[in-house]
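These are the structures, in structure tokens.
The two complexes that follow have chain A in common; it is paired with chain B in the first and with chain C in the second.
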Partner chain A sequence: MAERLRADLVLEYPFTRTTGPVIGAFLTGLREGIILGIRRPDGTVLCPPTEYDPESSEPLTDLVEVGPGGELLSWTWVDPPRSQSPWDQPHGLGLIRLDGADTPMVHGLLVDGPEGLSVGMRVTARWRPEREGHIADLKGFVPEGADQ
Partner chain B sequence: MRDIAVVSVAQHQEKALTHTTEVELMVPIINEARGAVGLTQDDIGFTCSGSSDFLAGQAFSFVHTLDAVGAVPPISESHVEMDGAWALYEAWVKLQIGGVDTALVYSYGKSSPGSLRDVLSTQLDPYYLGPLWPDAFSMAALQARIMLESGAVSEQRLAEIAVRSLNGAAGNPLAVRSSAEATVESVLAEAPIADPLRPSDCAASADGGVAVVLAAGDRARELCERPAWIKGIDHRIDPHQPGVRDLTRAPSAEMAAAQAGASADRLDAAELAAPFTTQEHILELELGLGNGTAVNTSGGALAGHTMMAAGLMRIADAARQIHDEQADRVLGHAASGLYLQQNLVCVMEGE
Partner chain C sequence: MSADPSIPPAALSGEVSLPEKLADVEPVRSVRTPIRLEYDFIPGSASSGYLNAFADRKILGQQSPVDGAVFVPPRGVDPRHGAATPDYVELPDTGHVGGFCVTRLPIPGRDDLEIPYVSAWIHLDGADIGFLGLVAGIDTSEVRMGMRVRAVWKPDDELGCTAENILYWEPTGEPDIPVTAAGTNAWHAKQAAAGEPG
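Here is the complex of A and B:
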């Protein structure tokens, strides 16, 4: 009987993607501990920034620093935390409009319970000490003035 | 433009098809849809399906499902990685081009092996949203609070929509969540599942499949006593990032309805594929549905949300009301993406 042939199969995704001049700059900013938005022709600022204007599709290039403080526009409470999320404790999820930006971003809210959250409250960014250029370099947002 | 009609529909849906493969699911549904108008696959000019390889966990999984169609001798066939309503749109375009007079459209989804609420995180942009794994209920809750705070909707109205679905679904054997007894009070008494959303605000996940036969002109009249003529069909899309949208609106739904001519005459019935009560409310406003229109008498997608098929099921439910002479002019709706990002509207009439 002939020898059975064997070959290893490595399942992989052997491609790399570039995040480009806008998303890449935003992620690099996070690594440096700053949050970038992008200015539209009408002067308003999108954060998180997109490479194109959502209405006119014009390319956008004028990056500006925003935050780290902002206003909570909406929230919900996530309990239990979702297994693949960056959070291992019950937490809030919110739409946060950072100072200097006109649009809100989605991120986590680090408070003890939903009673600590209200629309219109002031929040500010908390950073992870080790950062790699990823949206989760931001640990989340806490009420302004919190000692956390 | 050619006159094209839905001449036959068949569907199946249940909470979990644990021991049934997609092929086993679709064989009887496709046979029923073709058989009801006396057709075999040899009589079908074009076949188009909608499903998600990602949901099935296997690349090109839709090719396996062709075993349920019968692809030998070779057939003219296509697939969209979208809800089957978009497969129907492709088939409608193919029939408009001419050369074929009949089309089979089907779609199916089995989300029960995983947690759809979490799997849907993977439809979000992969840099800003996806890595946070915000589940679908939590994302919908952010929209709900904005709607409630701004006065765009009230908790009472959301509960009324939930009750309409629960009560309507009581008469629909394919619904996976129904209650003839549900009231606004009983819904408002539910504890939130994703504050401020209650369980009845969120669609009940289901597994299932649906098949539709389309035919053009006289062929449709031969096959069906009362074809559901497609008078208008259109689909539009809004931006993805939640921050750049007014979350109390769905402009693409309004635009699709206008392009499909939804408001040209009275609509007897509308079937909406909204996965949340908040979004059903938005759709009613964007589609301009008035008091004379019976909305989601089937219970709609809230009563059973089969990923990739919920939209084509709505079109099938709407078309059936024409076939059964319960209605003369109906609207079927399909949606895809975050916060009703993409919408398809199909307006059908009987003769």
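Here is the complex of A and C:
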């Protein structure tokens, strides 16, 4: 009987992508410490912004500032985070509808445990001091009024 | 409506309006999105036979029960007919270059490859398809389709169950195979003669 074989393999690519003007603007905003949504013709605001209207497929171009506060619409608890996660501590992942936006975005919730989270609670953005134009410039969201 | 594919859609090329705070800052134009997948590879029976044989400096293919075509590396099946290929055949470590590529830019994660290097489809004597290998021991400008090569193996005490046992393929110095009979050209000619799809 031949030896039973097994190997640990890694597949890895160091991609860099061009952003286009809409995603580029969103990332520019993150670098500057503000969150951008994009306005649809009916006045509603999508955040994160998309390049096209999800119903009419028309290009969208009107970027507007939203947040930094918002409402937690739904959440789950992550413990432990995977090795490639942007977070090295247990944390929440939530759908956050920022003030001025009509759709929620996914991001991390930085609290000590799941007992610190509830649907409908107010949260606000926490930023990294060093920012480069990446979603991780936004460290995550904390309960509004938290002294973190 | 027919769009010109060479013109990007409006939202990807057009102007956007920004809040005043961002009016004078340098816009972000690119973003790093590295990906990484760690996984366990457990070979099936055909690949296991192939990899185990490497430890004995042997290269195994499998033979189609339909027309005798030899596939290397073996995959346990003749993909043209959906027929199982249980029979291994031992192949020599000589063949020819069926096609090749000279790479002059470094690849992230492969610091062991000195540029420029040549990767090639190696068509072993007795095999009907090629498999990938490095060609060395010759100036990159001298590599050509149909060039005869032989395997350069790691020392015996470093052999493992891996295709990495073959360090590279070097020229034998024998006369070239004619280009019309090299690489997949031979395969297509054979398939056409047998009335099979190429």
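Throughout what follows, the second predicted complex is superposed on the first by the 131 of 148 C-alpha atoms of A that agree within 3 Å, B and C clash if a C-alpha of one lies under 4 Å from a C-alpha of the other, contacts with A are read in each partner's own complex, and residues count from 1 in each chain.
What we mean here is this: a contact is a pair of C-beta atoms (placed from the backbone, for glycine too) under 8 Å apart; a residue touches a chain by one contact, two chains touch by 3 or more.
Everything numeric in this text was worked out from a predicted model, so none of it was measured.
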Partner chain in contact with A:146 - chain B first, chain C second, else both or neither: neither
Chain A residues touched by each partner, larger count belonging to chain B or chain C: C
First (chain B), second (chain C), both or neither touched by A:105: first
Which superposed partner A:46 touches (first chain B, second chain C, both, neither): first
Touching partner for A:10 - first (chain B), second (chain C), both, neither: second
Touched partner set for A:134, first chain B, second chain C, both or neither: both
Residues on chain A lying within both footprints (that of chain B and that of chain C): 19, 23, 27, 83-84, 134
Footprint of chain C on chain A - complex, ascending: 2-25, 27-29, 31-32, 34, 36, 51-52, 59-65, 83-84, 133-134
For the chain A and chain B complex, residues of the former touching the latter: 19, 23, 26-27, 46-48, 50, 54, 73-78, 82-86, 93-95, 103-108, 114, 119, 134-136
Contact set on chain B toward chain A in their complex: 118, 121, 127-129, 131-135, 138-139, 141-143, 145-146, 149, 194-197, 239, 241-244
Chain C residues within the chain A interface of the complex: 9-19, 21-22, 25-43, 48-49, 51-52, 108-109, 161
